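Note that chain A is present in both complexes that follow, paired respectively with chain B and with chain C.
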Partner chain A sequence: MNRSLGGLTPWLIQRLSAVLMLAFIGFVLAHFLVDPPASYEGWRSWAGEPGVGIAACLFSVALLAHAWVGLRDVTLDYVKPLATRITVLTLIALALLGTGLWIFRILWLGRA
Partner chain B sequence: MAPEVIKAARTSSKPESRTLSNGHPIRSPAPRPVFLNLTQIQIPVGALTSIAHRVTGIVLALGFPFCLYALQLSLASAKSYEQLRGMAGSEWFKVALIAFIWALSHHLLAGLRHLLMDIGIGSHLADARRSAWAANVGGVVMAALAAGVVL
Partner chain C sequence: MKFSIYRFDPEQDAKPYMQTFDQPVGVNDHMLLDVILRIKEQDNTLTIRKSCREGVCGSDAININGRNGLACITRVRDLKEPVILRPLPSFPVIRDLVVDMTRFYAQYASVKPWLINDDPPPERERLQSPEERDRLDGLYECILCGCCTSQCPSSWWNPEKFVGPAGLVQADRFIADSRDRATKARLDDLNDVYRLFRCRSIMNCTEVCPKGLAPSRAIESIRLNLLKEAL
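This part shows the complex of A and B:
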């Protein structure tokens, strides 16, 4: 078996990122249940808090890694010809990279 | 034994085997039985959970850019915040939101089930079937709750 395609690393990434995302989703959900932001100003000031920003950054990294491992596994299962496989994986990687840059821009906007 | 003899012995014992360019033999596996009669095929509840976990993962990946767009609108300015509130009142937005909440809930519950099994909780068949049911039903319940709130 090709080591770069299987093994412990993607398995571990998928689980660690899942736990991290679960924690963040729980945190955001709890905030919205206990103290839902009533206005744009309230929402923006909460989103601009350093703790929230750092947590959102960690969540984003976990999400992108999780999406990569998941979409990669689906691609490897269903797309067999090598050229198509490489093309599809490249497109997924580019899309996730672009999403990462977009997240960075939004989080920066929220902190400004 | 000389390498030539080994090679000869290998090829003679498997006359129809093919070889790679470097001379290593490829064993072609016997064709597997394929049974795809959808009216008779058995799909245990765990298989349904597993398939749905994949489908919802893809749905979440496709839906995420829309979430990001909403987040951007909500933060960019007071005007875009109100624009998002206006969009959130439309029917298509509500239906999409409920579908997304179903996908997220199912994916989360099925994922939690995997995490628990990894540490040895609920990996026996009866428990695994129960938790598979719980994930499938739990996703629908969360979607119904969301529908109750937004509709």
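This part shows the complex of A and C:
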């Protein structure tokens, strides 16, 4: 039994995050089709709207969660020795954490 | 017709090799198994497992031109030449086309494929409504030939830990049974990163099942039952 690694929960996170990402991608594509920004400034001001910012933030969280479950699953399949597995999982976690901070910097600090 | 057949006798061969046979297909040789048995008349060291020769026992599951199937219900004239025959992928080979199914049966046994009901037995039988009985359709027909599990990449990577499509069909068969009282215990047992959730919906199982069953649907049904239980 590997209860600590979870069964249903990670699977559910992966599905829900996929739905959320799909909705955001659809929303962005629809916006660019219906009302494309005329210039970089126009795009920036649209991206800076609070609603879009919150949606982008949710998208990023979903992306990171989705990537974590997926990469973790690949690691569980292919990396069997425990020490190597822990190292790989730690590296993935650090890379995703770094990506998260980078996204945060763009979304929040980039506004200033 | 040209056949290229996997040969391996662990008592004599250092490693497996492919042997070519040119076997005329007679008017009464309809199925692949008929022709394999003709080849065996030429070379009786060729080993294959078979029994019912009509797709009921599941003994003669082999890999035919890269795809698992039952030799006895595979029409030989539909096959592309040379017909390449190998034992079921990922299963340990005992000899030629015969594989060791021990691990497969152990996974099957691990889902407790029997009715668990400690209620006092009724005088005659435990009745089901026709609708309750219908829920077992598409599940009970599995003949445990191993075609699905042997073609499942998730089973290749984790054969000891992932139950595999065949075992999960059996698990769902008892989860869906209205007479069974161990549904929660069965679901709890499968709520595990390896036992059930190694399945990535690759769906090779459903693609190759010689009985036309859909193990991937059974797996989905178990996941949905787990979700219902959690909510």
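By our rule, the second predicted complex is superposed on the first by the 109 of 112 C-alpha atoms of A that agree within 3 Å, B and C clash if a C-alpha of one lies under 4 Å from a C-alpha of the other, contacts with A are read in each partner's own complex, and residues count from 1 in each chain.
Quick note on the criterion: a contact is a pair of C-beta atoms (placed from the backbone, for glycine too) under 8 Å apart; a residue touches a chain by one contact, two chains touch by 3 or more.
All of these numbers come straight from a predicted model, not from anything done at the bench.
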>> Looking only at chain A, is it chain B or chain C that touches more of its residues?
In response: B
>> Looking at A:A47, would you say it contacts chain B, chain C, both, or neither? Reply first, second, both or neither.
In response: first
>> One more residue to check, A:L12. First (chain B), second (chain C), both or neither?
In response: second
>> So in the superposed three-chain picture, is A:A23 touching just chain B, just chain C, both, or none of them (first/second/both/neither)?
In response: neither
>> Just checking: does A:L89 make contact with chain B only, chain C only, both, or neither of them? Give me first, second, both or neither.
In response: neither
> Given the touch rule stated above, what does A:T99 touch, chain B (first), chain C (second), both, or neither?
Replying inline: first
> Taking the superposition as given, does A:A67 touch the first partner, chain B, the second, chain C, both, or neither?
Replying inline: first
> Taking the complex as given, what residues does chain C use to touch chain A?
Replying inline: 154, 157-158, 161, 190-198, 200, 223, 226-227, 230
> Tell me, which parts of chain A touch chain B in their complex?
Replying inline: 15, 18-19, 22, 25, 40-41, 43-44, 47, 63, 67, 70-71, 74, 99, 102-103, 106, 109-110
> Of all residues in chain B, which touch chain A in the complex?
Replying inline: 54, 57-58, 60-61, 64-65, 68, 71-72, 74-76, 78, 81-82, 108, 111-112, 114-115, 118
> Inside the complex, what are the residues of chain A that reach chain C?
Replying inline: 1-3, 5-8, 10-12, 73, 76-78
